[in-house]
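Chain IDs A, B, C and D follow the sequence of writing; residue 1 opens each chain.
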Amino acid sequence: MTEYILAKYNYWIYVVLMMIGLYAMMGKRNLVKKLIGMNIFQTSIILLFVSTGVKKGGATVPILMHAGHEHGAQLIQVSDYLNPLPHVLMLTAIVVSIATTGVALATLILIYKRYHTLEEDEILAIRRESRAYKTPRILNPTD
Amino acid sequence: MRNWFKLISMAAVIITGALLIYGTHDMPAWGDPDSPANSHVSPRYITEATKKTATPNIVSAVLADYRSYDTLGESAVIFTASISCFFLLRRIRNKEDHND
Amino acid sequence: MGEVIYSAKPLWAVLVSMGAAFLILLTGEKARNLRESWTILAALIKFGLVFSLIKPVLAGKTIEYTLITLLPGVALQFRVDAFGLLFGVVAATLWIPTSFYSIGYVRTLNEHGQSRYFFSFAMCLSAAIGVAFAGNLLTLLIFYEILTIATWPLVIHHEDTSAIAGGRKYLVYTLTAGCILLLAIGITYSLAGTLDFVGGGFLAGHGSPGLLILLLTLFIAGFGVKAGIMPFHEWLPSAMVAPTPVSALLHAVAVVKAGVFGCVRVILFVFGPELLQQLGVWTILAGVVAFTVVAAGLLALGQDHLKRRLAFSTINNLALIILGVSLLSKNAMTGGILHIANHAFMKITLFFCAGAIYAKTHKDHVSQLDGLGRQMPFTFAAFAIASMGLCGLPPVNGFISKWFLCLGAVETHQIVFLFVILTSAMLDVAFFFPIIYNGFFKKPLPDVAGKVDEAPLLMVLPLCFTALFSVVFGIFPNAFLNFFNIVRLAVTNVLGG
Amino acid sequence: MSDQLPALIIVAPLLGAFLTPIIGWWNRHLSHPWVLMVLTIPLYAAYSSLFKVIKNGPFGYNLGGWAPPWGIEYRIDYLSAMMLVLITTIGFLAAINAKSAGNTEFKGKEAQFYTLFLLQITGFLGIVITGDLFNVFVFLEISSLSGYGLIAHGEEGAPMATFNYIIIGTIGASFYLLGVGYLYMATGSLNIADLATLLPALYHSKMVLVGFAFFTTGVAIKMGLFPLHIWMPDAYTTAPNSVSTLIAPLMTKVAAYLLIRILFTLFKPDFALSVVPIATILGWLAVAAIVVGGVKALAQTDIKRMVTYIMVAEVGYIVMGISVMNRAGLTGAILHIINDACMLLCLFLVIGAISFKGHGREIYHFQNLNKKMPLTMAAFVIVALSMCGIPPACGFFSKWYLIMGTIVAKQWVFTATLLASSLINAVLFFRIIEKAYLAPPEDVAAGLDHTEAVIITRDKVPLTMIVPILISAAIILILGPLSGKIIETVIQHAVPAIF
């Protein structure tokens, strides 16, 4: 039992982190909180991925230490180095996460300019009010 | 209304979390060097990458060579995001209309 | 079945009016005479094409043309057999007088949207010929749906509240029917793997009896909507808000006949008489239809609006056709199928008359027609001839088909149905003869008294023409178009021998 | 040259996108012709790959020359070649349309707009062409991010709708990524073809099951499958017209493509048939989608919003075709991907033209519109008939296959839903056609219209709008009768042989 927990506990921690993020995305009514939740969610996925590349038993970062030597290639032991693939994938995923955050912040700026609040309930109330006496018109979002 | 909504979110989150943890049951133990993830595709990177790409950093080798199209996509993602922000936040002043 | 000829003629017969439709739209309101000449030209070419098919078909050949494959084993295919040809000939022939009549009608009344009117009209004819020549159920359905849509602009032509309401009702009924048909055809395809019409049916040996009965119900409900079978007839009287030439050609000939045509196709060429006998459902079917016959007749009695009365008479006669076919005996079938052609000629005459009266006097209620016969003698004479025919009096062609229907009813030993047919004839007398009597012998209403004043020539000539032919076909059923022979051949195709 | 076709399909629009800001900075009026020029390359490449596939069968392309499980592979088979053709064609038509609509909606920002436009198309193409699960994620994000940017620039409520879309879309993409992660942990591979051989041994592994669940949920979010459609109507209604013209027809279809890939290529059909009850779940969700989409569409008076709810129902159609798990159903689903994309393109083009002329989008604004825009309304009627499943428009044929699929599967509720949905569509569209083609009742009552030939003016929309409208309407009419041919040459090979 203890062994089982020791073998899995770090996955569970990521899952719990993930769920904190997911709850913030769905349950919070403040848009910035949602965005923060999104970041937590994405980061925990990245952690989960990276953790799959771990090899116990003395493996180190996948940079060859004696690559300069002629015969260095023959000495490479697979178990000596961490799995490089998850790292590669997560580099991309980090970039994606940053990019998404950037665009989301840009829309938040637009929203704030228009409604002067970032509380979803207040925005909905303003929109309901404005819809009551005028039909939507095409606006330049930067107005 | 609000509480009701939060309850649903909580339920969805718990279900998702339970599903994810259920999935970990069959997962290889953390750090197992013989797990499929560590033994199917990746060993070849470790043994071959330096030979074929002349780069000691295997992560760089995979990033920029084996999976270079992911990296191209990655740069496209950043480019997309920057253009999106530019597109959304740039102010067009009226006097620009008179220029042409 | 005999030899098969591969020829694109059926396709051209369909395309010619479709092409004309677009020429009409392009020509538009600015050059009315040119626009109308497209209609006439297309009508004549179409008649020529269809007419040229009669001879090879009577020689026992089938004309086939495959356009493209729609599904594995099902192509967009035209196949002209005797039964399809009968409908094709009727539609193509009657388009000619209707074209002339339409021109007279819309110009007399100075109707709006004439381009749209002629466009839709030509599309309808295209679709009707497509229905007639379709070689399988899917092709039939495709043209059937085109017909549905193309008729809608005609139904709502007047654009007033009642026209729009009528149009909506029409769409609700026919589009629902289209969906039911789609389902029925889907089931048929999944059962038999083919949809090609075969004289005597192709469904025998596929599926359980329960499923087949359900399938038949779906088919009859699907086609029965256009054919005005009783629970589904409501749209037809409402659609009478359309201009009269529309009611004439479409609601007496093309649209409703397409429904009847579909029913008959399904009964004889999909299920086949043997399978129906085996399933034992033909009596139920005949019973339902017989109810429609009588009920429609009774309802017609209560209508004061002339076109609505004609509409119920149409429902009555359509049911009579299906009754004939569902009796499954040789003579009943002959009578039923022949009635498709005969009823078309008589009913179109009646609608033409109603339109002529309306165009000239703006009267459309039966009670307003007193004494008009003296003012419009030709119109009323034609009306009298056609209604005599519908009552089954010789020498008009209605007599022949009703005679065969009665023979068939006797043949099957179902005296009930004989009574139904005779009752229906009585009811016809009851609701047509007062109109004729009042028209000729009652004192005219003050505002129309005294002057002989026929409708324009473009309207009177077509109606005299169709009335005349009703009589000619009564005396010589094989004159010109060989209707009787075609019908005989169609029945032989189904029953064999 | 022809060996490099698959790379060209992605690289050309991507490089084009990188260069667009420079060209636009130099002279912003050049950006539109530049985009059209760039798009001809993937258009050509897509068509020639389709013909190549039809002639020689599926082929792969190893990027950078690395063999598949280690490098990234582009895989072009019948289904992906068909999708490439669809995306490039629709993208090209939408790009033509963007000139007038986009130039008014994004005055002064043409360069950025066209850059995002090209990136959007690149993203779609990448998702379809690649044979690597993680590469799919990257392209999914390219298309999503450019979509967020484009949509947020729309009407009054657009930023809010976009933010919701970002949140939900990110959940979708992250779920997809989690799915990739779980499968990677189970097998150690990311290549679809490689995974397909490794997975059958692991079908009952909890890791694979959970991975599959997250895959499908993620894709369903992107696809807007009920009940995960909540972001869709707001986002596509508030989006600028030139943007919804591109994204609305394609995003859902590309996601549907992914679903088909996951269910039938990544996992073998017997996984869905015997291991998980996914078919049943998808089927009933599809029923709910069709019903809810139809009913909600009935409640709308804004036509653009109505169309977005119709999209919800149309997604239901495709998913229903997939869920019945037989040849006819899947054929119908794939055919409906093509047909529905063309129909939605035409609808959004028409809406764009109407808005461009300054007419409102409420149904009562359509009163007598035929007199003002006859060609546009003719196209609208064609789409409407196609949506109602009236032959010979293409909608009928996909509906036929879908119905056949449900009949073969003996799912009568599904059949009934499909039939009822065509009727709902008929109500939806005929109430607009009625308005557009009939004179206002008060005019009729006053006898105004009965006088003489009402002069019908020409549409007076720019050529760049009316031409795509007419082309898409023509495509709808032509695709119908050609569907037999399309199925014969392409789709029947795309359906797994087991059916």
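Everything that follows uses one rule, which is that contacts are C-beta pairs under 8 Å (C-beta built on N, C-alpha and C of every residue); 3 or more make two chains touch, one makes a residue touch a chain.
Owing to the predicted nature of the structure, the values given are computational and were not obtained by experimental measurement.
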item: Pair joined by the larger number of C-beta contacts - A-B, C-D; value: A-B
item: Most centrally placed chain, judged by C-alpha centres; value: D
item: Centre-to-centre distance between subunit C and subunit A (centres being mean Cα positions), rounded to whole Å; value: 69
item: Centre-of-Cα separation between subunit B and subunit A, whole angstrom; value: 8
item: Separation of mean Cα positions, subunit D and subunit C [Å, integer]; value: 43
item: Inter-chain centre distance, subunit B versus subunit D - centres from mean C-alpha coordinates, in Å; value: 24
item: Two or more partner chains touched - positions in subunit D; value: 134, 138, 141, 145, 148-149, 152-153, 178, 184-185, 190
item: Multi-partner residues of subunit A (each touching 2 or more other chains); value: 22, 52, 85-86, 89, 92, 96, 99-100, 103, 106-107, 110, 141
item: Multi-partner residues of subunit B (each touching 2 or more other chains); value: 20, 24-25, 27, 35, 37-38, 41-42, 45, 67, 70, 73-74, 77, 80-81, 84-85, 88, 90, 92
item: Touching pairs - complete list by chain label; value: A-B, A-D, B-D, C-D
item: Subunit B partner contacts - residues on subunit D that touch it in the complex; value: 10, 14, 17-18, 21, 63-64, 66, 69-72, 106-109, 112-113, 115-116, 119, 122, 126, 130, 134-135, 138-139, 141-142, 145-146, 148-150, 152-153, 178, 182, 184-190, 198, 205-207, 209-211, 213-214
item: In the complex, subunit B residues that touch subunit A; value: 2, 5-6, 9-10, 12-14, 16-17, 20-21, 24-25, 27, 29-33, 35, 37-38, 41-43, 45-47, 49-51, 56-59, 61-63, 67, 70-71, 73-74, 77-78, 80-82, 84-85, 88-92
item: Contacting residues of subunit B [partner subunit D, same complex]; value: 19-20, 22-28, 35-42, 44-45, 65-70, 72-74, 76-77, 79-81, 83-88, 90, 92, 96-97
item: Partner subunit B, residues of subunit A touching it in the complex; value: 6-12, 15-16, 18-19, 22-23, 26-27, 29, 51-57, 59, 62-65, 67-68, 72-73, 76, 78-79, 81, 83-89, 91-92, 95-96, 98-100, 102-103, 105-107, 109-110, 121, 140-142
item: Parts of subunit D lying in touch with subunit C, wherever the complex brings them together; value: 385, 388-392, 396-397, 399-401, 403-404, 407-408, 415, 419-420, 422-423, 426, 430, 434, 437-439, 441, 444-445, 449-454, 481-485, 487-488
